[in-house]
Amino acid sequence: MAAAPDEVEQSDAGPQRSGTDRLTAFSDGVFAIVITLLVLELRVPAYHEGELLGALLDEGASYLAFVVSFVYVGVIWLNHQALLRLVRATTLALSWINLGILFGAVIIPFPTAVLASALTHGDTDDRRTAVALYALSAALMSAPWLLFFGYLHRHPTLLDREVGPEHVRAQRLRPVTGLVLYALSGLLGWFVNPLLGLVGIIVMIVYHAVTSEGLRRRPRRRSAGRRR
Amino acid sequence: MAAAPDEVEQSDAGPQRSGTDRLTAFSDGVFAIVITLLVLELRVPAYHEGELLGALLDEGASYLAFVVSFVYVGVIWLNHQALLRLVRATTLALSWINLGILFGAVIIPFPTAVLASALTHGDTDDRRTAVALYALSAALMSAPWLLFFGYLHRHPTLLDREVGPEHVRAQRLRPVTGLVLYALSGLLGWFVNPLLGLVGIIVMIVYHAVTSEGLRRRPRRRSAGRRR
Amino acid sequence: MAAAPDEVEQSDAGPQRSGTDRLTAFSDGVFAIVITLLVLELRVPAYHEGELLGALLDEGASYLAFVVSFVYVGVIWLNHQALLRLVRATTLALSWINLGILFGAVIIPFPTAVLASALTHGDTDDRRTAVALYALSAALMSAPWLLFFGYLHRHPTLLDREVGPEHVRAQRLRPVTGLVLYALSGLLGWFVNPLLGLVGIIVMIVYHAVTSEGLRRRPRRRSAGRRR
Amino acid sequence: MAAAPDEVEQSDAGPQRSGTDRLTAFSDGVFAIVITLLVLELRVPAYHEGELLGALLDEGASYLAFVVSFVYVGVIWLNHQALLRLVRATTLALSWINLGILFGAVIIPFPTAVLASALTHGDTDDRRTAVALYALSAALMSAPWLLFFGYLHRHPTLLDREVGPEHVRAQRLRPVTGLVLYALSGLLGWFVNPLLGLVGIIVMIVYHAVTSEGLRRRPRRRSAGRRR
């Protein structure tokens, strides 16, 4: 976070660039806050004296929604960590795209709360709405990732020296998958069955969790020998 | 954040100076928290079983207020990043002026919530009040930026070696524009039409977004050749 | 938080590794937020004009729950600091185990709020529930620590050069103690007396506080002479 | 936040020491969160359609309480920055004393909310209670600062090389002043007049603001010539 390394050499033309220190610190801060704020949705339920246990058990679905969203934010954070490892400098445009990614993370507590409410207090229509809202948010969230990879592909000088453009192109597959499959989960939840849509969402989160180091990265790095 | 670089050479007289590491870390923390706290204003609306979708759609204006304020905090953060890139040391007075800037950011969730409430549940009088409050907050928020540039202008030894005093003087234009035009938006919203005032606010936020690297900076730096 | 040192040498086979900078920053952020969010549970009680003092005194038990949880998060943070000092690199799996540790910290405000509510407004049954929930959370929270030490034991190349595998093995004792004794406190609180269970919890927190630099660490280090 | 500098030479006996990087990062995080959470107390007041302006004006005293506490946390943060500049290493005991300082900061939103509520909705008795609570919190908050300076005085090897023990001894004056004068403000507010007590509190905050670089520090440093 020192001021000095927050600048990089600017020997070539193009938009003004700066280091990624504050971008990283700010993003980490946002992710840490979002993952912690989720717990604020877990409220002590209203209960009559002597009936706390029953009241807590009735909220079971809220806890499920909380755990799913905790894992989801964790996944996004790990993916973002791999993402910023690709770049060695940022521009104003890239910083805005990154704010788009953070926007996606920041709103998660809202569809989570809607989902928890619908699972606990709503009927099938409400669950349909809540699952579709969650899936829609998750699908839209993929868009800035796509923009990020596209921008890096067009500005290869921002890339870390170890990262090749073909690696960046390969990464685009994951947000595209996210965009399509979260949207499908939403349609499934809306037109077929909300629980089926919820299962689709959870499967996608697990997929992004296991691929969060980036696709097809290791082979290339292994062939490149030891790093730094 | 290491202790060592948090001090700078103090070979000349004047107020006691220290490095900007903790100032930066603290400011990033505040911005990250504010931008994330905004989502707490998005509450699950009260709804009757089966009517969640309608209840959510009724809150549409809240989502607009949320998005506007998210972008606004993002703009302030990017501007602040460019601001701290100008300086290499801080003093007690400059730290207090920076706290003034943070104060402006920290209060944003409040006029945002008032605006969301007035757009959703209020009449024209309430919207007038809410738009004027938002514009007033935004106008006052410009004041510490003006103080910051003024202080830097009077204490050039705090400036990064690459930054000339004429550059700092030029920067004063932007908070002055903000002060005047946000105030005008507020008057417009109060005396003419709240939605017109809201449009004025959004235009100003976009203006600050596209100029957030600082005015007239690039020409000077290009002529100065490669940096560091 | 600079990009450069966020990578470590990867001369040997095994899972892809990276530095612990962002892991540390993210974890610190989460702990700082949790310890601060606890205060949000301290709400101004509803009161009739002129009866604020009485209303505040009635909430006494909430303040106890707040203090216990503040100390508890402080303990976890100090233990986590000692934990990350053992490692010099992380893997995807270790990052997920660390997210498990953070999950345990993040949920603390919830059992705290339930405990405060039961102590203030509940009967003996409610207190039993609340103490058992708190103890259960605390017991489960020990599990990812156990996984962390187990993972380090199986991947000694992740260890800091000063740390021997036998030291890591010795550390496992503490989460095992936690798992068993928090569970016992919960059973005590549920079947015998809620206050007795609460005392058990407090004793355990104090135990983890005084051992938070890690068990049996100093002798080894002293014999190893000066460090770095 | 790199792992490497988070350790210091340990050539002498005594309790195990470690660097202050994570202590600083964690403390900054806590201060940033507290100063930002204060705004959550500013809620949109309940209002009938068309009466938003009047409802906002009725809350005027809440805004005063918010501003006072914002400045107060700012003061504590600046003082803490000066405090950590004195040390180059920490021990488990010093970390706990630091947690005591953070405890004092973390609770500020609670007496602030109580004060805002009493000023807006309470009678004289309620204001007396609220002012006394605020003053009591502020007085107790001084205690860990006293412990911090006392601990440093007994463990001079933890001090930054530039800082002499007599400087540390001189610093004790400020928390003692705080302890005594905040307590006096509380007594004044309780027995004489709540507003008089509030004035006392504000005077004290201003006193700590203007002395936040530490008492009698500059002369010594000037005589010591340029630093580092």
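Residue numbering begins at 1 within each chain, and the chains themselves are lettered A, B, C and D in the order written.
Basically, a residue touches a chain if its C-beta (ideal position, glycine included) is under 8 Å from a C-beta of that chain, and two chains touch if they have at least 3 such contacts.
Note that the structure is predicted; figures quoted are calculated from it, not measured.
Novice: Which chain is most remote from chain B in terms of Cα centres?
Specialist: Result for the farthest chain: C.
Novice: At the place where copies chain A and chain C touch, is the share of residue numbers found on both sides over half (same) or under half (different)?
Specialist: different
Novice: Averaging over Cα atoms per chain, report the distance between chain A and chain D in Å.
Specialist: Between these chains, centre-to-centre, one finds 36 Å.
Novice: What is the distance in Å between the mean C-alpha positions of chain B and chain D?
Specialist: So the centroids are 25 Å from each other.
Novice: Would you give the residues of chain C that are in contact with at least 2 other chains, written as numbers and ranges?
Specialist: If we look for residues of chain C contacting two or more partner chains, we find 1-2, 25, 29, 32-33, 37, 40.
Novice: Contact residues on chain A for chain C in the complex?
Specialist: Against chain C, chain A makes touches at 1-2, 5, 19-21, 24-25, 28-29, 31-33, 35-40, 42-44, 47, 49-53, 56, 70, 74, 77-78, 81, 84-85, 87-88, 160, 209, 212-213, 217-218, 221, 226-228.
Novice: Any idea which chain A residues touch chain B in the complex?
Specialist: 1-4, 6-7, 9-11, 16, 18, 22, 25-26, 29-30, 32-34, 37, 40, 92, 95-96, 99, 102-103, 106-107, 109-110, 113-114, 117-118, 121-123, 125-126, 129-130, 133
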